[in-house]
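Single-structure report; data block below.
As written, the chains take the letters A, B, C, D, E and F, and residue 1 is the first residue of each chain.
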């Protein structure tokens, strides 16, 4: 299963996403994803130093700025 | 609804956008958006430390430099 | 009007462009632009701390390294 | 053999991947890879200062943020 | 004339190129350029603090990492 | 000869490659290259402060993260 299909298969479950920049680790429920790995997350919050910080709600992430994505339920 | 369609659906409402770089958080009314997530915002201002700072008016944002986009009216 | 058409419509007028990197704010007259937001500016100068610094003349900017573009005459 | 075919040939074996950002060196078993060098790794852990640190399990990496990839079994 | 055609028209003359990263300002004779703004420069040297530093000879530059390009003979 | 053809013509000879990030200068024998400037190097080592440091062997480099490439035998 190609990486983008792996991500498609995660729609509906929670994922952790590390974005470019210093402190941009987010966790949310994956609402949708496309082949560029653009993501729409809901119930999203930021994670700083391993703990939840800011609650963000609905967030769209630009795929090219994603460093890595980790499924939380596996 | 794919992430770029989610963004299209936000045209006409206010969004907060975090761009690459240290201090580039912007909020404005989404005037238009394309599939690369290039955005045209109007009534835009910068946000620093959670408060409005510089007023920018009409601004075009290059999609690949967007980290994340948060709808403000949801 | 899509964001890249918005930029096309600015050809002939002055724009301010914030590029990636620490100190790359430029202002110039937009001579041409393509759909990747590659720009050709003339009569360009750098802006540092809000004031004109280095004069650059004719400059080509690579679109993917543009953070944001602000029309100066609106 | 073109670079992306070289990577395809590594599916099933362990690779070390250096991502953009300060501390993002990962090692894992390459589960899948596409022509953009998007990667799906399993049994992944972070490497800091040459030693294993955080265990990450299943991870999807965005190809454009990969600096370099080193096969571990050659 | 679109920006990439502007660059094509500079083949054979000297250009200054600012690349991503801290100290990557280069000057050389533009040997070739493509539509992605990938460049081949010859007789290239680095510029640090406004003066020539390291001589590099023949250099290929990846277009997406070019911040800006300035013609030297205009 | 376009820049990517210039790189193709270097297959079989040694090249020095400066990647994004602070300390990523590599030298190796160019085993293959594609039009995105993805590279496969063999007999690769890192260069720090002008001297060889870590030996890396076989390495795949993602083209978009290449700042510049210098042929070593010209």
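Everything that follows uses one rule, which is that contacts are C-beta pairs under 8 Å (C-beta built on N, C-alpha and C of every residue); 3 or more make two chains touch, one makes a residue touch a chain.
Note that the coordinates shown come from a computational prediction; the quantities given were computed from them, not determined experimentally.
Participant: Between chain A and chain F, which partner chains are common?
Facilitator: The shared contacts of chain A and chain F, listed by label, come to D.
Participant: Can you list every chain that touches chain C and also touches chain D?
Facilitator: none
Participant: In terms of residue numbering, is the interface formed by chain A and chain B classified as same (over half shared) or different (under half shared)?
Facilitator: different
Participant: How far is the middle of chain D from the middle of chain F, if each middle is the mean of its Cα atoms, in Å?
Facilitator: Distance between chain centres: 19 Å.
Participant: Measuring centre to centre with CA averages, how many angstrom lie between chain C and chain F?
Facilitator: Each chain's C-alpha centroid was found; their separation is 32 Å.
Participant: Residue numbers in chain B touching 2 or more other chains?
Facilitator: Chain B, residues with two or more chain partners: 20, 64-65.
Participant: Which of line, ring, star, complete and other names the graph you get from chains that touch?
Facilitator: Drawn as a graph, the chains make one closed cycle, so a ring.
Participant: If you go round the ring from chain A to chain B and onward, which chains do you meet, in order?
Facilitator: Putting chain A first and chain B second, the full ring order comes out as A, B, C, E, F, D.
Participant: Which bits of chain E are touching chain C when the two form their complex?
Facilitator: Chain E reaches chain C through residues 1-4, 6-7, 18, 20, 37, 63-71, 74.
Participant: For a test of understanding, state which residues of chain A touch chain B in their complex under the given definition.
Facilitator: 19-21, 24, 26, 31-34, 38-40, 56-62, 64-65
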